[in-house]
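Two complexes follow with chain A in common, the first pairing it with chain B and the second with chain C.
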Partner chain A sequence: MITFLRRRTLSSVIPLAVVVLGVFCLARLTGNPASLYLPLNATEQMRQDFAERNGLDQPVLSQMADYLGGVLRLDFGESLRTGQSAGRMALDAFPATLQLAGFTMLIAVLGAAVVGSWAAFKPNGLADRVCSTMSMIAASVPDFWFAIVGIWIFAVTLGWLPTSGVTGHGIWILPIATLVVRPFGVLVQVVRGAMVSALSSPYVKLARSKGADDYRIVTHHALRNAAAPALTVAGDLTVGLVNGAVVVETIFGWPGIGKLMIDSILQRDFAVLQAAVLVTAVAIFVLNILIDVCYALLDARVRQAAKT
Partner chain B sequence: MSQPSQSRATRRNRMIGRFRVARRRTAVAALAAGFAVLVSSCTVANSDSLGGSGSGLRIVLPEEPPTLEPCESSLTSTGVVVRSNITQPLIERDPKSGDLSPLLSTGWKRTSDTRWTFTMREGVRFQDGTAFNARDAAYSIERAVNSDLGCNVDGYVFGEDPLDVEAVDERTLTVESKEPDPILPLRLSFVEIVPTSTGTAKKVRQPVGTGPYEIGRWDTGLKLRLDRNKRYWGKAPSYENVTYQWRAEGTVRAAMVTSDEADVALKLGPLDGAGDRGVNHPNNETTALRLTGEEPPLDDPRVRQAVNYALDKRGIVKSLFSGLGKPAGQLVPSGVLGHNPSIKPWPHDLKKARALVKAAKADGVPTGKQILMVGRHELFPRVSETAEVLQEQLTQAGLNIKLKMVDESAHLEYQLRPFVPDAGPVALLIQHGNQAGDAAFTVDQYMTSKGAQSVMGTKGFDKVIEEAGRKSGKQRQKAYEELLKQQNGDITQFAHIAHMRGVVALSPNVSYRPNSATNDELRLADIRPAG
Partner chain C sequence: MSPMAHDRQGAPPAGEPAPEAIPEQSPAADAGPEREAAPRQAHGAARTGMWRLLLRDRVATLAACTLLLVALTALLGPLLVGDLATKQNLDAVNTAPFQSDEGWAYILGSDSLGRSMLARLAVATRTTVSVAVPAVLVSLLIGSVWGMWAGYHRGWRETLSMRTADVILSFPSLLLAVVVLYVFSPSAANIVAILAIARIPIYLRTARAESAELQSRLFVDAARTFGTRSGAVIRRHVLPTVLPTLLTVATADFCFVMLSESSLSFLGIGIQPPDISWGLMTAQGRQYLQTSWWMSIFPGLAIVITTVSASVLAAWFRIATDPAQRWRLSLPRRQRRSVRRAGQEVAR
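Moving on to the complex of A and B:
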């Protein structure tokens, strides 16, 4: 396993280096930030002073060398917008997104395992049809619409939940409900498909012939084997959420990394953008390694392949 | 003999198998436990230190202030919190009458063409306990205008030339400009006063001032709380503390007021759902198309006039702005010195617009050449729909319009010198806000031939503008009125659309009358409990 982890980590270094360089180059292509930070009638002298103060008057290669040196020292510089440490801003924002993504995926995976298995137990039955239709709808609803309608119904009309914010227990419900809808819909369909296939396989027939009850067949035999494809899809969905649930963070005032990244792009705040992208990229690589470890734990063939 | 050895091997394999299963379960359990620890805390990361707002005032803004640096207070997101709340200027402008009134300075007079003398108020203390005097005022002006800090207020209000500032004694300050400046006191009303202990090497994020509130706690990304300044020299404000939150979505800001999570929500659109809680107010913003005059077909004055005739301003205000606005005929709104009440908006006359385009075409002007109309996302509510309507109306007049919606940074490349090269003829959708209260702040930028945001102009017109800027009082008003009329006739750089109005949502618990400065300078002392 350690060999497997080491190999997996080493293979992540090159993509990470590409991300580090890519975000620097792409950010510079979006234009000079001076116009956004100086008054509209700023003089040429003020523009030059701004460029000098922020190192933007240096050749791009020199800026890149400074940036790479900073990355190695984990120093991303200061935010143009707030004057705070860019690395600190990214690290402060990331846990809030991770919490949101973690809760969302926990609920989506557990819910999809139950509902998907239930639907698959009698293919084309009433439960299957209802679940399939509902999950299709859930997978198709835009999250901003769900968020606004949720606020309107549960916060404004009924007054049961807060509209937004970060204090109190109720604040988790609407953001997570908004985020969970799509992953849940997608995962229900994946679990259902995998379970239909698993339930018709020879080892399940053998288990039935040995007298195993339905619960045992689903939980001990079929679900375990159906978990691999669900894990793949859940991994992709989690990566998407860790990358920033921008819409939800924006609407609910959630201080996460997705909103931080979007604001940094719009404000051409290069230092914060670079720090936020790197923090997210590292998290995604770690997440991918965890997913691979889960694969290995679930499937002996993967472990065997990793050894060779 | 083989039987015992086989069973030993079987037992060993079973043990290995059990060990592997146990190890796998342990690993899964460890992963699950780590995951649970990660996500199971009940508070959002980094939010546990938040205090409640108690019985104070709750305000929701569209965005978090990037900084509370006083010399950046001409930035809307900073100024709305800082100005006249945490820090104060020497002189305050009344947004309703436009008159200047004493604040940290009790009186001022012009002592020569270029010099003004100010008298400082006595008995004022900063929030850190130090006494305010003329040295602090001189230091604040030097810091904002003459230093290398790159303050926003410097470029926004003052020109390239530095000011000569001197604290003559504890109570007397003189400020001298290189050229005669009749509106220097108005310009200085944008400089917030800080104590001499404030640094000049770097901007400060959390300043000390003389205002009625001081910074209580700022949990970056989450909330900002201001507490009543117990040393305040004036009348104590009504609320013990004020909590600011920020939500980017107007519908959410409105919902926070209707569901009693906030008392005041700023910068709402007419369709954000504030309902009965919404109060509309002038915001000194004017929307217009700015037309380039160097390339055909927009270099022909008849085509620029046709653009003005083609726009149905009344229809746009009624249907797209929900009636919140007034068709505009000039870039300077009423309430700002220099506004010309005799200028009426161009009438909507599509036949005339078509005739003008046809006449230009007959004279060889390539009226079919594509004109790029550039709009900006989130410039004002329903901006995309407005841009599409403008495109359609100009197309009906016989022009070839291509619409391009961009973000703020890309829009600034079209808006500010040096303009995007080889962009061809451009009709830029702009929204200009004159918050300073004097037409000079509009005209110098938008109408001089080398103005930062001007794409047309003549040397003769530059001279007219320069002369108007030297005048004061009624003569100044008259001069700007005339030049705004001349702009529409001789130059026609703009096709004005509307003088806009904003919406503020107010809880029934508060009493406040929003004004043209509300979005830039929300004076907390003006907000009181209802009843």
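Moving on to the complex of A and C:
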């Protein structure tokens, strides 16, 4: 298990390094990073001061060493807007996004497991139709439009739910409903496919001939074997959830990392944007490792293969 | 997607009340299929057969017609509506849709400056299509050439290409877009470039897998024995075999690219005003949701109708280009579904 973890960590560290270096290079590609970090109307004097203070007149390699040191200490500079530490702001916004993403994936995975198995068990039934409709919607409806239609119907016309900002349980419903569509639509197809092949396997026939009832066959025999492909896809979907979270947080005024990113773009606040992107990149890196661990726990063959 | 919704979206250039639209339509409809049929031309002799198959499937035909209409709107729409999209009419501010007393231009309502929604949608179609189509084409071209090269040669070239694809795919495309569009200004060309880079791995992986498998086949071996150089083998033998798969992937990916562009524009880091795209229109209409719902619902509906059509057509294309499954399309639709189920039962 340790060998397995070490190997997986090494291979997922490469994308992380690419992002960290990519942000550094991008900031210097435009010529003068000072124009990225400072407000648009900064004077020449301010630019020079900034360059000196941040060592921008040094050779590129020592700048890079400074930058990497800063990243390790979570020191990304200060926000132009608030003067707070950019790293602090990104870390403060992070839990809100994590909650949103966590609940969304929980609902998507549980829902997909139930509906997907049901659809595989009864082809052409109600669940099967829900399955194909949802995957169609997931592939072709933009999430911002889904959110807006949701606001229009449930908040503006019917007045059942708040649009944003107010405390209470109501504020959770529309953001999660919007976010859940895509992961659910994709996962339900994967679970259905995996369950169809699991249900036709010899061990299910054996269980049936033993006299196990349908419920037990699905939950104890087929679902565990169908879980592995679903888990891989669920991991990718969680990474992809960042895209949706940016949109949903902007629409519903959710104080998460996606809203922080968009706000810092609109207000030309590069330090905060950089911090938010790097914090997200680290979170995705950790998530990828967690998925690999789950995969190994679920399937002994993966663990064995890593040892040899 | 009801037929009515289809009409509503399709109204811009060819809507019946526009007298000049009618003569325009017939020559354009003849020129149009070339654009739509470009994938199918690869099949040469099989082409007429494909057309007949397409016409037999009502849903796929409808999807193809919708995409054709979107393409025509993108080409001719801005010409037909003229300055209607920017002309302000303060007498007709916030007109509700489907009230014919203001004339056909206001059939879909007007915005807060009294500009016709119909005309604005038509103009936005061009922006939206002119970002999505180049992005798909560029990533298709680069990704498939790179992938076929990597898969044909194997070894370090394959490993390096696959690792690169992994790196690009392991981060959400929006994260990349956000940083790049901040550093460089958000223009249409930059959005095309970012979306193309983000989607290259999809074609790279598909083309690599297919050509790695082909590389060991007998007909490729034979060509090599006769001294054909690798570039020629890829072009003459690998490409025709891989192309249908790649085109299917491209049709499905068109949805993804369009949705990404819309999201970026919606967030304010994509297409910038005064240009308009469907995503941007949805964002602009958002603040009027309480009073004038049509301002953001219609542009979004245009996106949904286009992407649904593209995914329906991609699904049809996948079956039509697969010789083992193609016969199914010659059955009536109802029967086909039961055959598909039966096929799954047998496969078990």
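Just so we're on the same page, the second predicted complex is superposed on the first by the 240 of 308 C-alpha atoms of A that agree within 3 Å, B and C clash if a C-alpha of one lies under 4 Å from a C-alpha of the other, contacts with A are read in each partner's own complex, and residues count from 1 in each chain.
In this text, a contact is a pair of C-beta atoms (placed from the backbone, for glycine too) under 8 Å apart; a residue touches a chain by one contact, two chains touch by 3 or more.
Note that this is a predicted model, so its numbers are computed, not measured.
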Identify the partner contact of A:Pro142: answer first if only chain B is touched, second if only chain C is, both if each is, neither if none is. second
Just chain B (first), just chain C (second), both, or neither: which does A:Ala127 touch? neither
Based on the superposed arrangement, let me know which partner A:Leu266 touches: chain B (first), chain C (second), both, or neither? both
State whether A:Ile291 touches chain B only (first), chain C only (second), both chains, or neither. neither
Is A:Ala281 touching anything from chain B or chain C once the two structures are fitted on A? First, second, both or neither. second
Of the partners chain B and chain C, which touch A:Thr250 in the superposed model: first, second, both, neither? both
Please work out whether A:Leu21 is in contact with chain B alone, chain C alone, both, or neither, and reply first, second, both or neither. neither
Looking at the overlay, what does A:Ile151 touch: chain B (first), chain C (second), both, or neither? both
Using the superposition on chain A described above, determine whether A:Gly159 touches chain B (first), chain C (second), both, or neither. first
Which parts of chain A are in contact with chain B and also with chain C? 30, 36, 148, 151-152, 156, 250-251, 266
Seen from chain B, its contact residues with chain A in the complex are 24, 27-28, 31, 35, 38-39, 41-47, 50, 52, 66-67, 74, 148, 150, 152-156, 159-160, 202-203, 205, 220-222, 245-249, 251-252, 255-256, 258-259, 261, 273, 407-410, 412-413, 415-416, 444-445, 451-453
Which stretch or stretches of chain A touch chain B in the complex? 30-31, 33, 35-36, 38-43, 45-46, 49-50, 53, 81-84, 89, 92-93, 95-96, 98-99, 102-103, 106, 148, 151-152, 155-156, 159, 162-167, 169, 171-172, 250-255, 259, 266, 268, 290, 293-294, 297
Applying the document's contact rule, which stretches of chain A touch chain C when the two form their complex? 12, 14-15, 18-19, 22-23, 26-27, 29-30, 36, 123-124, 136, 139-145, 148-149, 151-152, 156, 196-197, 200, 239-240, 242-243, 246-247, 250-251, 261-262, 265-266, 270, 273-274, 277, 280-281, 284, 288
In the complex, go through chain C and note every residue touching chain A. 163, 166-167, 170-175, 178-184, 252, 255, 259, 262-263, 266-269, 279, 282-283, 286, 289-290, 293, 296-297, 300-301, 303-304, 307-308, 310-311, 341, 344, 348
